[in-house]
Amino acid sequence: MITEAVQERENYLNTSHGIKSWLLTKDHKRIALLYLHTITFFFFLGGIFATLIRLELLTPKGSLVSADTYSKLFTLHGVIMVFFFLIPSIPATLGNFFLPMMIGAKDLAFPRINLLSWYLLVIGGCFAMYAMLAGGVDTGWTFYVPYSSNYSNTYVIATGLGIFIAGFSSILTGLNFIVTVHRMRAPGMTWFRLPLFVWSNYATALIQVLGTPVIAITLVLLICERTLHIGVFDPARGGDPVLFQHLFWFYSHPAVYIMVLPGLGVISELVSVFAKKPVFGYKVVAFSSVAIAVLGFLVWGHHMFVSGQSVYAGLVFSFLSYFVAIPSAIKVFNWTATLHKGSISYATPMLYAFGFIGLFTVGGLTGLFVACLGVDVHVHDTYFVIAHFHYIMVGGTIMAYLGGLHYWWPKMSGRMYPEAWAKLSALVIYLGFNLTFFPQFILGYLGMPRRYWTYPDEFQVLHVMSTAGASVLAVGYLMPLVYFMWSLRYGRIAGPNPWGATGLEWQTPSPPPAHNFEETPVVTTEAYDYAALAAMEEAKVG
Amino acid sequence: MHEHVDSIKTYTLVFFSLLALTAATTAVAYTDLGPFNIVMALFIAVLKMLLVALFFMHLRHSTILTKVVVGGGMLWLAILLVFSLADFVTRGWLPVPGK
Amino acid sequence: MGSDLPLFPVQASSIAPSVDHLVYFLLTVAVFFSVGIFFTIFYFAVRYRRRSESELPVPSEGAMTLEILWSVIPFGLTMIMFVWGASVFFTISRPPDDAQQIYVIGKQWMWKIQHMEGQREINELHIPVGQAVKLRMTSEDVIHDFFVPAFRTKADVLPGRYTTVWFKPTRPGKYHLFCSQYCGTNHYAMIGWVYVMAPQDYQAWLSGGATGSLASSGEKLFQTFACANCHHLSGAPGRGPDLPNLYGTQVELADGGNVKFDEDYIRESILNPAAKIVKGYQPIMPTFQGLVTEENVLQLIEYIKSLTPKEARPPAGAAAATSKRKSTKQ
Amino acid sequence: MDSYIETPELREQFETPTQQKETSTLGMWIFLVTEIMFFGGLFLAYTIYRKEFATVFGLASSTLDAAIGAANTAVLICSSFTMVLAVRAAQIGSRKALIVFLILTILLGGIFLGVKAYEWNQKFEEHHVPGPAFYLEGVPPGGQGPAQLFFSLYFTMTGLHALHMLIGEGLMLFLLWHAYARKYTPSYYTPVDIGGLYWHFVDIVWIFLFPLLYLIARHQH
């Protein structure tokens, strides 16, 4: 009976039918779901590469795949995961779905451009897939010249074009978000009433808009170098390969914050809802997102301490890198302080939030090692760096993404996921992750270099631990895929606000109607005002 | 809608200034000013840019937000140039090749 | 399996202990903060667990003092890390004056090493214990990276440029040499060993198998390419600058600038002669790109260096000071 | 929904036409910022190599025809002038003037591209295109490498600029078509406005490219 009632009420899912109504939709919620399918596909594709890499490294002498294949595996793992999963992950799915709702808008400012960005991601993905199927690419996701420009005999151009096109998708999403936050807020939704998820997506959008064009021109130059041999990075004609690294990292370091900033926003939401308290130091947390975005642009040279960059430039970049640590630390301290005297629920999203804070802390603190000039010389390009950025990108971003997905799933689908399974999978992922990546810190300090197909025997024990962890992690990631699909049909009906959350997105039915709100909401309270919410509920009942 | 409509006279004036500055930058390039040739070339180019942006692109009637956006763009361009040059300019300060 | 479980790399250079001390400090800070945060979260999660759905906690007022406190203290700690790290970094970057020079050429996928005395090695480097060694490195193709974990140092090896890495081995033994910048399919195979030997063993090793020093090979090349047609070594005016007694000095350029007559400049002048023309000369020298290998360039450099006696070369530090202030002399 | 002003041009996500116009304009300006950064990568490469190979860059630059470059700059400034007059025509609702000025803008843009094509063709004939056949007279044999770098940057920068011009011509044709179909009124001419912003931006890029590529060392050679 209840099921039928839900299905009868018009919502964004049943307002129109047929494949065309999805492929030509301008509804940000439907586009978010298109993205969700796309990036889930890419996530598991990248995951298959990761699994093969870990299996290959089970033994010190390469036995599973050839050296050539191995190089293609880690390249494709990096390219797919970075450009086609992590960068679009939270902004394009959760951000796309909820940013307009959270500010009380009917849609993003440019719905057609929003749809275009999805198509661009898919087209870019097609290029990358073509490169993969035609024979792969073996330059590493960093595409360092002159290897990528003059030596590699693989599909660098197709991959480069794929990333170039996907880059436009990212730029347009960022542009859309910035304009939307500036121009589409509901009456009464002032800047300091914005949920922190909106702040962090806004900061992310700034990076997308300011940084992505530079990787675009870098890839154009790389493609020109390969096809027309223009020589801009060719030492034989006076060109400088280090210039490529500057251009590459000018985008690719801030890109790390494109990946993790939205995750920080998700965690702020989760910590608040499941402690039933406003985030401690709201303004400080909001500004710290913008600070991370801005400072993130001043530190790219810390990827180049041993690249032949001048030591003085190294000094400047190292010094500024430590400034990024401060806003990151502030966030962690403020989340912890939010828990103080809260009413803490152990729902699955909160478990992910706890996991996130722990792993992000480890990732951030090991960031201090690699930002430290004297230490980075030793650990640069070793597994230490691998472990560090996987703690940020997997332990951080993916934890937050999964936490956010569980949290907003009832709103997106109208149904609850199975709580017990979800808790189990969160635990499995947490344990698997640590077993996979913690040994890599030790490996790295011992001197195990990145991107090695074989390795000295003495590193095997740690590699075996890492591979064992990876298999646990793989199981952990498959579980949500199964139970989320299961819940679409069998999940408990969620109701508009299953968590008792304050955001505007929870004041409309689940799933939301096509235009999000029955009428444009007027905002009169600060973000995370649980007392006001309780009063409102009481008034409704009374 | 309260759009500001500039007069044709203003536009014409700006147009002729731009042409004059183009002539000026070409002429100056043929005079030996030592290191100031590049300074003059860039100065005139920036002047022309300001004329186009402020008048033809109506930046002077735009919202503060638009001006901040433009300023931010220029600032980020400066970050890209200055921090990269921080490497290229200081190479060789330490008398060790590659440091 | 035959492998044990090492958790910390051996220390085999003078730098290694100072890097490790810095790491101990960083580890202490990292463990302190991560354990502190884990414990606090765990404690709060248990202490303030939700007991009823209807409970409504009192919002805590933001505390600016607290915010400032937990920004300033970590910032202070990171500044210690920065200064300490930078000082270690400068030690790693600046070879001591008595460092003995060895040339390294990286190519896909091997390390070619040339000693001044003429010995050549592939994927092996023999050095005496207790003697500082600086490697002058370049690549024939893509970017490589010379990495010896036991020495805690590495540097990228670039095509078209020289880069430097130095270390002073403190323990005889056999240590891993890795290429740590991805350089193509067989990147994993671009590995080798560094043999740190007792001085007498090293002398014995040196005495075998040399085919003439680098400088003497360079002299032969100088004759083969008829460089002396323009670069007279006699002091008589020629079409090119006279090379004796130039090494290490500041040279005035045709376009008004200055350049230090060092290895990089010699290299550039052989391969890309018109880039920086010495004042008073015409840009008529042809490029030798494609005619000489990287090894040949090294030999020529060593020969040209040998034309300037060691005593006549300005000390490295002094040259740096003048180059920073552009031209105070000349 | 009462406040919903029903005009054919107002898209459903907006409340008022003003909000819609401001939103579109802001979007265009942010897009232009991404263009600044896009060209910024090239300007960085240019700065570094010009500093490193000052003499050779000067020699190579002086083989370009400064007169043609200056004339083409003037053509582009004229096109900006006609563009701004087109926007003004749209503002005051003069359809005829709008059409005339758009056509003029398209023609001037075409002239610019034609001249550019002529220059490029010249470079091909003179073997000034980077590659095995490259040879630049007046540059010593050892300087041919950096001279190629100059021409690589010349072709990439002017090439990408020309590509932007081509896109601009497409935009202008679109505007012309819509202007002809009477889609624009004094209360709705946002596409003309933001099309103009794009056109002027491309003009500004050229304002920098002209002295940086054509006029490096005219006083010496």
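Order of writing sets the labels: A, B, C and D. Residues in every chain begin at 1.
Everything that follows uses one rule, which is that a contact is a pair of C-beta atoms (placed from the backbone, for glycine too) under 8 Å apart; a residue touches a chain by one contact, two chains touch by 3 or more.
Since the model is a prediction, treat every value here as computed from it, not as a measurement.
Novice: More C-beta contacts across A-C or across B-C?
Specialist: A-C
Novice: Grab the C-alpha centre of each chain and report whichever is closest to the global C-alpha centre.
Specialist: A
Novice: Which integer distance in Å separates the CA centroid of subunit A from that of subunit C?
Specialist: Computed value for the inter-centroid distance: 36 Å.
Novice: What is the distance in Å between the mean C-alpha positions of subunit B and subunit C?
Specialist: So the centroids are 39 Å from each other.
Novice: Starting from the mean Cα coordinates of subunit B and subunit D, work out the distance between those two points in Å.
Specialist: 15
Novice: Starting from the mean Cα coordinates of subunit C and subunit D, work out the distance between those two points in Å.
Specialist: 44
Novice: Could you list the positions in subunit B whose residues touch two or more of the other chains?
Specialist: 65, 72-73, 76, 80, 84, 88, 92-94, 98-99
Novice: Residues of subunit C that touch two or more other chains: which are they?
Specialist: Each of 93, 155-156, 158, 161, 163, 272, 275, 289 in subunit C touches at least two other chains.
Novice: Among the residues of subunit D, pick out those that touch two or more other chains and give their numbers.
Specialist: Only 22, 26, 30, 33, 36-37, 40-41, 44, 48, 52-53, 145-146 qualify.
Novice: Can you name the residues of subunit B that touch subunit A in the complex?
Specialist: Per the stated touch rule, the residues are 65, 72-73, 76, 79-80, 83-84, 86-88, 90-94, 98-99.
Novice: Where on subunit D does subunit A make contact in their complex?
Specialist: 1, 11-13, 15, 19, 22-23, 26-27, 30-31, 33-42, 44-45, 48-49, 52-53, 130-131, 145-146, 148-149, 152-153, 155-156, 160
Novice: Which residues of subunit C touch subunit B once you look at their complex with the stated criterion?
Specialist: Those in contact with subunit B are residues 93-95, 136-137, 155-156, 158, 161-164, 260, 262-264, 316-317, 319-320, 323-324.
Novice: List the residues on subunit A that touch subunit C in their complex, please.
Specialist: 60, 62, 67-68, 71, 138-140, 142, 144, 146-147, 150-152, 235-236, 238, 240-242, 275-278, 280-284, 305-308, 311, 314-315, 318-319, 322, 325-326, 329-330, 332-334, 336-346, 354, 357-358, 361-362, 365-366, 368-369, 371-378, 380-382, 442, 445-447, 449-462, 500, 528, 530-531, 534
Novice: Write out the stretch or stretches of subunit D touching subunit C in their complex.
Specialist: Its residues touching subunit C are 52-56, 139-146.
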